[in-house]
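What follows is a set of structures to go through.
Common to both upcoming complexes is chain A, partnered first by chain B, then by chain C.
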Partner chain A sequence: MASHGVTRSSYAAQSKDVAARERELKKLTEYHELTAEFQRKRTEKEYTKEALDVTAKVLKINPEFYTVWNYRREILLHTTLLPFSPSPDGVDETAAYGGYEASTAGLLKQELAFLFPLLSSYPKCYWIWNHRLWALHQATRLLSPPFAEKFWRAELDLVGLMLSRDMRNFHGWMYRRFVVANIEQPEKSLVEEEFAYTSGMVRGVGGMTNYSAWHQRSVLIPRLLEERGSGEQERMDFLEDELELLKRAMSTDPDDQSLWFYHRWLVYANALPGDRTAIAPDMPVVTRILLLVDQIEWLKELLESHSSCKYILKALVSYVGLYRTLKQEPIPDEDREDLDEVDENQEQALLKEWLDTLVRLDPMRRGRYMALRKSVLIQE
Partner chain B sequence: MADSSVSNDILHVEKHVAYIRSLDTRRDSLEYWLTEHLRLSGVYWGLTALCLLGHPDALPRDDTIAFVKSCQHPCGGFGAHPGHDPHLLYTVSAIQILAIEDALDAIDQDAVVSWISGLQQEDGVFAGDEWGETDTRFLYGAMNCLSLLGRLDAINVPKAVEYVMRCQNHDGGFGMAPGAESHSGQIFTCVGALAIAGDLERLDKDLLGDWLCERQLPNGGLNGRPEKLEDVCYSWWVLSSMAMIGKLDWIDKDSLVKFILRCQDEEKGGIADRPGDMPDVFHTVFGVAGLSLLGYEGLEEVDPVYSHLSSLDFQIAESCNVA
Partner chain C sequence: MDEFTLPSTEWDAVIVGTGVKLSLLACALSRAKLSVLQLDPSPHYGSNETALSLSELEEHIASLSSPTAQFKLHSTPVHRDRDYTFTLAPHLIYWNSPLLEFLRDVKMTTSFTWLPLGSWWVWLSDEAVKERGTAKSGGLEGAMANLAAGAVKAGGTVRKKAAWNKNRSKNSAPPVTGALEALAAGKPADEQPASTWGEPSTSTSAATLRRHGDLREVPCTVEDIAWSQDLEGQDRANLGRFLRFIQQSASPEPTSGESNSSASLLAQNADTPLTTFINANFPLPPATIASIHSLTLLPTPPSSTPLHLAVSRLKTHLFSLGSIAEIRSAAALTLSYGGSAELCQVWSRGAAVAGGINILSCDVTPEPLPASSSDADDRIPLKLSTHPSTPITAKHLIMELEPSSWSEESYHAIYLLSTQLPPLFQKKLSTDAVSPAAVVVTMPPDQDAKTGLGNSTPIYLQIRSSATGECARGECVIYAVTAEEKERALLKRAVEMVVEAVDPTTQTGKGSEKIVMSCEYASGDLKRVGVMKGAERRQGELEKVVSEEVREKRVVKVRPLKRDIVFDEGTVEECRAVYERIVGTREGFCEPPPEFVGHGEEDE
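Then we have the complex of A and B:
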C-alpha cells in the first residue's frame, strides 16, 4: 500500500516474470493459511506454545500486523511470564526464587533473541521496537533489580549497534533515551557516558553531519553541567570548547545544515539573557556581546573563502540582528569601553548586501529572506 | 521508462480516480494482504484523495460506511480491519471517513469518546491503545477525533498542550516525546494539536518556519529532517505545518508543484514518493493534498488543520528509506 523507493521499471520487469508470479501465489496461499490459523486460535483464546509459534511465523512475514503482537503478549502473560509465587509446602523459598528467576530470564532472553533479526530487517517498524521495550519492562516487573538491570545494560549495547548501522534512525535514538532512563536511578546518572557517546559520534567518520547526535547533545548538556556542579568559569570554558568543535566542522563543510542549527542554538541561548538551557546562562551583558562579536567576526572570515555559502550569510544577518537587540540592554559604563564602536551605516550597508546576495543565491526562500530583512534592517 | 507521449506538466485527475478505484480489486496480490493492517486508513486516504479530486462519489458510500462499522469494537475503538485490535490510529481514520460521508450518526459516538478519553495519561499525552505506547501522534489523533465529534470537553486539553510544549526543541521543531529530535511528521501533529486547542500563539513561528523552509531541496521537493532525501509525503507535513503558522510563502511553491506532478504515474495513475517510483494510495493523497494547499487549479480546498487528513500514519513514511 505504501511503496518507498521501488522504481516503476524494476516493478514492471518483476511482474512480467512468470516464475516470480507463481512464487508470489504460493506465498499468498501460505500466508492466508497462517493468518486464518492465527484468527481461529485468537478467537478461541488459545494460550499455548503452538499459538506462540504461529504468531512468530506470521510476524516474520509481516511484522506490521500489530494485532499479532498483541496476541503474542497475551500468550506470554498467560503462560510463561508469570510472577513468582512461593509454594505453600514450605520448601526453601530463596532457592525456589533463584530457580524462578533463572528460568524467567531465560524466557525473556529467548524473546529478545526472536526480535533481534526482525529489528535488523525492519529497523523502522514501530511495533517491533515497542514489543522489545515491553519485554524489557517484563524483566523489571518480574526479576530482582540487579538481574533486571543486566537486561537493560545489554540493551544499551544493542541500540549502539543499531545506531552504528544507521546513525539517524530516530527510533534508535528514542529507544536509547528510554533504555538510559530505565537504567538511571536518582543516585546513578548516565549523563557523562551518554554525552561521551555523542562526542564519539560527532567526531567519528561522517558524524559531523549527524543532526540526531547534535540534537542529543543539546538535550544532554544542561543536565551534564548541572550534575557536574560547574561554576561560571567552567561553563564559559565548556561553551568555548563547544564552539571550537563546531568551528572546525563548519570550516570543513560549511554547507551542512546540521551544524548551523546547532550553532544557532549555542549562539542564541547563550547570547540572550535568562535561557536556563544555556551553557553559561549568567554571563554579564558585555561578555555575551563580546562572544557574539567573536562569532560574527569569525563568520566574516569564513565568508571570504566561501562567498556563495548561504548558511554563512544567513547566520551573519541573524547574528547582527541579535547583536543590535543585545545593545539595547543596559550596559554598565565601565564595561562599555570593552566594546568597539560600530559604524551603523556601514553595518546597515553590509546587512543589505548580505540579504541581496541571499535572495540571489537562494531564490526559493525569497519570502523567508524578505521577512528577515524586515526584522533586522533599521527602518530606512 | 516515462512515456514521452504523456507529459507530467498537469495533474492526471481521471487516471488518479481510476487508480484509486482499482485498489480494492487487487486481491490476488500478496501486497494487498500484507497491508490488511492498514485497510481502514487506506480507505480514508483513497476517499480523501477522491474528494479533493472532485469525485467524492467514486467509492460506494453504503459499502464504505458498512466497512467502517465492521471495524468497531464493543469498547468503542476501531481496528484497521475486522479481526484487528482497536487502535487510535484507525479510530481516527474511521471518524474521518464518517465525517466526510456525513455519517457520524451511524455509530455509537459516546463509546468512541469514552474509549479515547480513557487513553489520556497523567502527563497529558495519549496512548495508542491499551498496551500503552505514547506518542504525540496519538495526542493529535485524539484531539482531532474528539473535535470532529464536538467532544473536546471529554479530555484535559490544557494538559495535552503542556505535553506538546515539552516536546519542543531548541530548533523550534517537535519530536515524538520530550527530548526527541525534531521531525516534520511530529511537527505536523504538535502544531495541529495546538491549532485545535487554539494555542498557536505559543509557538516561535519564525524559528519553526525557518527550520521548515530549509526542508525544500533544489528539485523542489521537501524532506522530513535535515540532510535527508525529499519525499511527497514529507512535503505534505512540512507544507501543512507552514500553512498553519502562516509561512507558506517561505518556500518556492512553483517548484514544489512541479516536483509533485513529476511523481505521478502518467500511465496508470497514482503518485509515488519521488519521480519514477511505484505509486501508492498514501503518496497519492498527500500529493493531491499538497497541490490543493498550493492552490492548484481544479482541486477542492484542503484544510491544513483537520484536512480530513490526519497524518497519523507516518509510520509508513518511516519505512521510507529516507525517513
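Then we have the complex of A and C:
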C-alpha cells in the first residue's frame, strides 16, 4: 500500500545503498540509547532539566512517541509551570504576580517555539497539536485572562496561516474551532469575525469548492442570527441572500459537489418545519412551499443549460419529493390561494424522466435511483 | 584595461553574448565541467535583456541610432541616477512555468528575489460593456451536444423579488447586493445598483471585482465569476463553462463525461479565432471576450488569435492561480531589480563560479590561425579584441541568431511616473498576506472596448512599483508594448488614460504631467547595439574561415528571446537541447555542484 506516494519497496530500495545503511544503523543506535535513557529517568520519576532535554531530543526524532510527551508535561508541571503563590512576607502581590506572569508566559512561549519546527515537519501529528493545546490551556490556567487571550489570538493567526496553505484540512478547521471557543470563553463572541472569515475563504481562489468553509458557515449561521437578534423578516432576508449567493455559484459551476451539499442543507433545514438549524424557523408552511417551488423552478432552468449534470437532476428529484410531502401538512384555506395549481400527471412524468436520465448517466448507482423512484413517485 | 592572461587557448565552448539563453548555457556547460569562455562586446551583462540605470538608458537609446528611438526627461526624478533600474526584459514568470520548474529542480530559486503579480486590469468603457454582440442570439451551431444544450437566454435579466419573501424589508439592500455584502469582510457595503458593470466601487466593498473609472479588474477564477456584480445570468454560466472547458481540455485523464469532448472540441477548432469559437460555443459579449483575452497577453486581437494559443496561455494562467499561499490571487511572479536581467547576472556568475571565464567589453572575430601553429582540426579559430596577440580555438561556438533572421517586431516604451498608482496595488483578497509588486493593464482593441484610443491590437502595460527596488517610493515604472508599428504613438496616451483613471491626485487631461521620463524603441532597433551589432560581420567571417561541415557541427545558434511580457516558455528546453548536443546527454543540466547544495527551498 502506498503511503503519500512512497511505497514500501521504495523505502527498502533507499536502504540498500551500503553507506546509507550504515548511517541508518548509527541513527537507530543513537535513538535506542536516547529512549533507554528516557525510560530510566521516567521510572525514577526524575523531574530535572536534563530529563527535559532528553525528552526534547527524543521528540525531535520521533514526535509520535506520545509517552515522552506525557513525561515532558509531568516534568514541566513539577518544575517550572507552577501556579502563583504569593510570598508570605507581605511583598507587594501585584508586582509579584506581574513578575510571575512574565516569566511563566516566557516559558510557555518557549514551549510553543519548541513545537513550531516540529509542526512544520509533521503537520499531521496529533500529539504535537495536543501538546500545543495543553500549553495554551496552561496559559488560561496560570495567567490572567487578558494575557492568556494574547496566546490564543496568536494561535488564531497561526491557524489562519495553516489554512491558507491547505484550506481543506479538516484538522485545521477543527483546531480553529477549539481556538475560537477558548477565546470566547469569558463572555466574548467571535461569531461575526468568524463568519466574515468564511466569506473571505469562499471568495478566495479555490474557495468556492471548499466544503470545510461552507460547513463552518452552516455551523456559525444559527449563532450569528441569534446574536444579531434577527427578527423573522430579517432571517428570511438572510436566507434569501444566502440562496442567491449559492445560485450564482452553482450556475457558474454546477459540477461542484460542495455547493450542492450546502444547498441541500439550506433547503431542507428551512423547508421542513422543526429543524433546529433553520435560518427562518417560524415560516408558515405555505411560505416554505413557495420557497421550495422557487428553488425547483430555478433548477429546472439550470437543467436546460446543463442537461447531463446529475447533481441538478438529483436535487430536483429530492426537492419535488419534499414538496409533495410538505403539501400534506395542514395549510389554512386562505393561504392555499397563494399556491399555484399543479398538474400532478405532468409532475409525475417529469420525475420519471429525471430518474430515467439519472440511471442513464450514472448506471453504477442504478439501485439507488430505483429506490428513490419508489419513494418519490406516487404509486399508480 | 591590462590584458590578463587567459588560462588557456583552447576552449570547449565560447559563448558570444550574455543574454538570458547564453548565460543559462554558460552556467550549464561550466557546471558540466566544460571549459567555458563567455564574452560580450558591451561593458555590462545581459545583452538585449540587460538592466540599465537612468543615464545608461539614455545612452543606450542614443546608441540605437534610430529616428524613432527616443529618450526624454520631462522633470526631475526623485532618486539619484544609479538607484533606478530599467530593463529591456521585464518579464512575468508564471508559477506553473518551465522556468520555475527548472529553477526548483536545480535549487536555484533562492538566488532571486521573487515578487508577486497582482490582478489583471482591462479598460472597457460603459458603452462597450452594454454591447451584447452575438451573445444575445441563440448561436449554438457547431457546439457539441453535451457542452451546450437548450436555448440560450439573453443576459440582463434582473432578479425579481422572490415570491416567497414578498415582504422583504425596504431597508435592506436588494438580494444581490445583500448577499455580496455578506461576502465582504464584515464591512458595510456601499449602495450599489445590482445592474450591469456596477458603479465604481470603493475599497471597502471587497466582494465585487474592483473598478476605477473604466479600468476594471479581470475575473479569472470561478469565484470572481460567480460573485461578480458585473456579469448577468447566462453570461456568468457561459464564462464558467468556458473556464471549465479550458481546464478539462488540458487534463490528461477524463474526469467526467465532458472532458473528452473538451479535448476534441479544442482539437477540432485549434486554428479558429478565439472570438469566433466563443461566439459559437459559449456566447459572451465582446467586452467579456476582450477581458478574458487580456489574460493571454498575446499581441493579436481576439478576433484573430488562434484558439490553441489562447487556450495554452489561459491554461497556464488558471493553473497557476492559488498556488502561492501568501497571495493566492497571484498567478505569476516577477524578479526584483530588473526582471530577467537578473537571470543573466545570476547565471553568468554561476558560470564563473563553476570555473568559466566571463569577459565584458570584448568582441570576437573568427580568424584563421597563423601559419606556424598546428592545425585547428575542426575547432574554430578566434581572435578576442581584448587579447589580440593570443588567438584561441573553440570546440563549440555558441551565439544568437543574426538579426536578419529576426521575424517578429514589437514596439516598446518605458515611462517613469511621479505617482505610485496605489489603487492598483491593493490586495485583492482579505486573505492575501502581501501586496502585489506589479500589475498588468490591457487596452483591448478599440472596437471591443470602445476606449477611444483607436488601437486595433491589444496594448499591454506592465506597471511595476517601488517594491521591485527599481524606482523610488511614490513612483512607478510602466513598460508598454504593442505589436503594431502604427500604434506605437498610442502608448503614451494609454499611460495617460490609466493615470487619469486611477490616480486620485491627477485630473482628467492632466495625465502627462505625471510622466517624469519617457522612452521608446522598437525591438528591431536592438540589432544595432551590443553583441548584435557585429553579428552579421561575425557570420561573414565565420563563413570565410570555417568550412560548412565544421560550422554544422560546431556552431550553435539560439533564437533570440521573445520580447513578450511573458517569459519565453521555450527557453529552458531550447538550452537543454543545445546542452544535449554538446555534452551528449540531457542529464545534469545545470545541476548544482554538491558543495553548493544547501539550505532548503523557499520560494519568495
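Basically, the second predicted complex is superposed on the first by the 361 of 380 C-alpha atoms of A that agree within 3 Å, B and C clash if a C-alpha of one lies under 4 Å from a C-alpha of the other, contacts with A are read in each partner's own complex, and residues count from 1 in each chain.
Here is the rule we use: a contact is a pair of C-beta atoms (placed from the backbone, for glycine too) under 8 Å apart; a residue touches a chain by one contact, two chains touch by 3 or more.
Worth saying up front: this structure is predicted, and the values here are computed from it rather than measured.
Looking at the shared chain after the overlay, A:F65 reaches chain B, while chain C stays out of its contact range. Contact with chain C, but none with chain B, is seen for A:R203 once the two complexes are overlaid on the shared chain.
In the superposed model, A:W134 makes contact with chain B only, not with chain C. In the superposition on chain A, contact is made by A:F261 with chain B only, not with chain C. Applying the stated contact rule after C-alpha superposition, one finds that A:P186 touches neither chain B nor chain C. Of the two partner chains placed around the shared chain by superposition, neither chain B nor chain C is touched by A:G229. In the overlay built on the shared chain, the residue A:P145 is in contact with neither chain B nor chain C.
Shared contact residues on chain A (touching chain B in one structure, chain C in the other): 209, 256. Every residue of chain A that touches chain C in the complex is listed here, in rising order: 160-161, 164-165, 192-193, 195-196, 199-209, 233-234, 236-237, 239-242, 244-245, 248-249, 251-253, 255-256, 287-288, 290-291, 293-294, 301, 304-308, 361. Per the touch definition, chain C reaches chain A in the complex via residues 146, 148-153, 159, 162-165, 167-169, 172, 175-176, 178-180, 182-186, 206-207, 221-223, 225-227, 233-234, 236-237, 239-240, 244, 256-258, 321-322, 325-326, 328-329, 429-431, 433. Of all residues in chain B, only 1, 28-31, 33-38, 42, 79-80, 83-85, 87, 129, 131, 133, 169-171, 175-177, 179-183, 206, 209-211, 213-214, 216, 218, 225-228, 231, 247, 249-252, 255, 265, 272-274, 276-283, 315-323 touch chain A in the complex they form. Taken in their complex, chain A has these residues touching chain B: 1-9, 11, 24-25, 27-28, 31-32, 35, 39, 61-62, 64-67, 70, 73, 122, 124-126, 130, 134, 168, 170-171, 173-174, 177, 209, 211-212, 215-216, 218-219, 256-258, 261, 264-265, 269, 277, 363-368, 371, 375.
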